[in-house]
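Shared between the two complexes below is chain A, which has chain B as its partner in the first and chain C in the second.
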Partner chain A sequence: MGGLEAGPVDLTEAAYAPWQKRVKALALLLIRGDKAQMNVDELRRGIEDLAPEDYERLGYYERWTRSIADILTEKGLFTAEELTVKMAEVEKRWQEQGPK
Partner chain B sequence: MSRFKKGDTVHVRTDYPQGHARAPYFTRGHQGHIEQITGPYPNAEELAYGRPGAQEPLYRVRFRQQALWPSYQGSPHDTLVADLYEHWLNPGDRS
Partner chain C sequence: MSHEDSHKDHAKEHQHSHGHPHPQQPDSEDEPYSHEQVMATALEELLSDKGLIAAGDMSSALDYWASKTPADGARLVARCWTDPAFAQRVGENVNAAAAELDMDIGTTPVVAITNTPDLHNVLVCTLCSCYPIGLLGESPGWYKSRAYRSRVVSEPRVVLAEFGTQISDETEVRVHDSTADLRYIVIPMRPEGTEELSEGELAEIVTRDCMIGTALAKGLEE
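Up next is the complex of A and B:
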């Protein structure tokens, strides 16, 4: 990143997981939808603002997810606490009922 | 109105501002030449904070790879093109 040494690039094609497609769709709706809330430059800033260790650890669409959450929190659409509560709720539902 | 024209030698500012910057690190402090003026665009460094972003000329600037990377092993003719906003550029040593 930013011209730093990064090692070889993995060029194998990978199939997108359903959650990855969902993140992309969510981002497009948030950026270009009728109820758009952010722009693509904000998405990029959110990704580049990740701590270097998070940036390295997270996958491509995980970085998008973190950026979207951070930008929307910054804009006051929800609080970090509300997001934490909602994620716990979803995780519980997932464990009890499986994926929807 | 754009400050530079096609063929001009430009020098990328050696600057590391706080916040979102749209000049690749590896181009900062280096010289290249204007390949193309792509026209005015809203400054993405402002858009990145949800602000409107003033219209500013955006250039395609061509650099010699050997100038950018000290240990570059490829052909001396290899080049790289980067998109740079006008506020990142100063006139180069020669034009």
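Up next is the complex of A and C:
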């Protein structure tokens, strides 16, 4: 990315949303916690492995989320099916009760 | 490469992009949520079910992030300005010097680069967003943005001017690209007219952006 052309820098100081902070906290636990499961280079590889259209479309912490899911699936901590089932549970709950 | 930056990305995080609508939940959340937000919560719960994160881990990690602010970096800089021997130790080993001030900035090496009248330093991470979190807290959105990461290495003076920071043509501008294994902090120049200020007062004029290099330290009266 360094050296590529781009527009002006947007200096808006945006506060991070609660869910973004939780992704960051989760990454800290997974990378530096007592039960660390991955390292920061793997996090970055997961981001760089995203399909270019996904990379463009997704926000910063959305990319982190996808990377963590892909890397941990790759390591066999859970299966893609388990994640799909859990996501359906979360989504159903949110539709009924709203996001926590 | 898109010209969008991460703030626009953040706005996009609230759009529907995966083909089906979500109900609005105005009582708890003004924005709809994305597929990846659902995934993030599902990850937390799945890892918890499997015993890979324990109860309380998430709140400790959230507390850790919340406890890191640029005030620690500012305290370190103010000590450098008032104590040349400390400044020298910072030049040798920032992590050890920070520990003298009871700051735990982790084990990833941080290198201090000191501004002089002839040399202005500025930080970036072109690969991702590596940043001295232990000293400066969470990085600002623009530090993660494509615009900053792309351009600060090729036209740093133009980018600095967008921050309102004019660097004399006589002064060399050096851009430092951080990595996951090596972070930097800029030690700004102490402004003139601050000779009478206490260390605590000096710390108050050291802003986050001074320590990234996108701003200069200014005296209290400015």
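In the analysis below, the second predicted complex is superposed on the first by the 91 of 100 C-alpha atoms of A that agree within 3 Å, B and C clash if a C-alpha of one lies under 4 Å from a C-alpha of the other, contacts with A are read in each partner's own complex, and residues count from 1 in each chain.
One rule holds for everything that comes next: a residue touches a chain if its C-beta (ideal position, glycine included) is under 8 Å from a C-beta of that chain, and two chains touch if they have at least 3 such contacts.
Predicted model, so just to flag it, every value in this text is computed and none were measured.
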*Kindly say whether there is room for both chain B and chain C on chain A in the superposition, answering fit or clash.*
fit
*Of the partners chain B and chain C, which touch A:V90 in the superposed model: first, second, both, neither?*
second
*Using the superposition on chain A described above, determine whether A:V23 touches chain B (first), chain C (second), both, or neither.*
second
*Counting only touches as set out at the top, which of chain B and chain C does A:K75 meet: first, second, both, neither?*
first
*Quick one: classify A:T12 as touching chain B (first), chain C (second), both or neither.*
second
*Using the touch criterion from the header, give the chain among chain B and chain C with more contacted residues in chain A.*
C
*Pick one for A:D41: touches chain B only (first), chain C only (second), both, or neither.*
both
*After the superposition, pull out the minimum Cα separation from chain B to chain C in whole angstrom, please.*
6
*Overlapping contact positions on chain A, where the chain C interface meets the chain B interface*: 2-3, 41, 44
*Mind listing the chain C positions that touch chain A in their complex?*
1-10, 12-13, 17, 22-23, 25, 27-29, 33-34, 36-47, 49-50, 52-53, 57-58, 61-62, 64-65, 106, 124, 126-129, 138, 140-142, 144-151, 153-154, 159, 162-163, 177, 180
*Using the touch definition up top, name the residues of chain A that touch chain B in the complex.*
2-3, 38-39, 41-42, 44-45, 48-49, 75
*Contact set on chain A toward chain C in their complex*: 1-14, 16-17, 19, 21-26, 28-30, 32-33, 35, 37, 40-41, 44, 47, 56-62, 65-66, 68-69, 72, 77-78, 82-83, 86-87, 89-91, 94-95, 97-100
_Contact footprint of chain A on chain B as seen in their complex_ = 20, 24-26, 44, 47-50
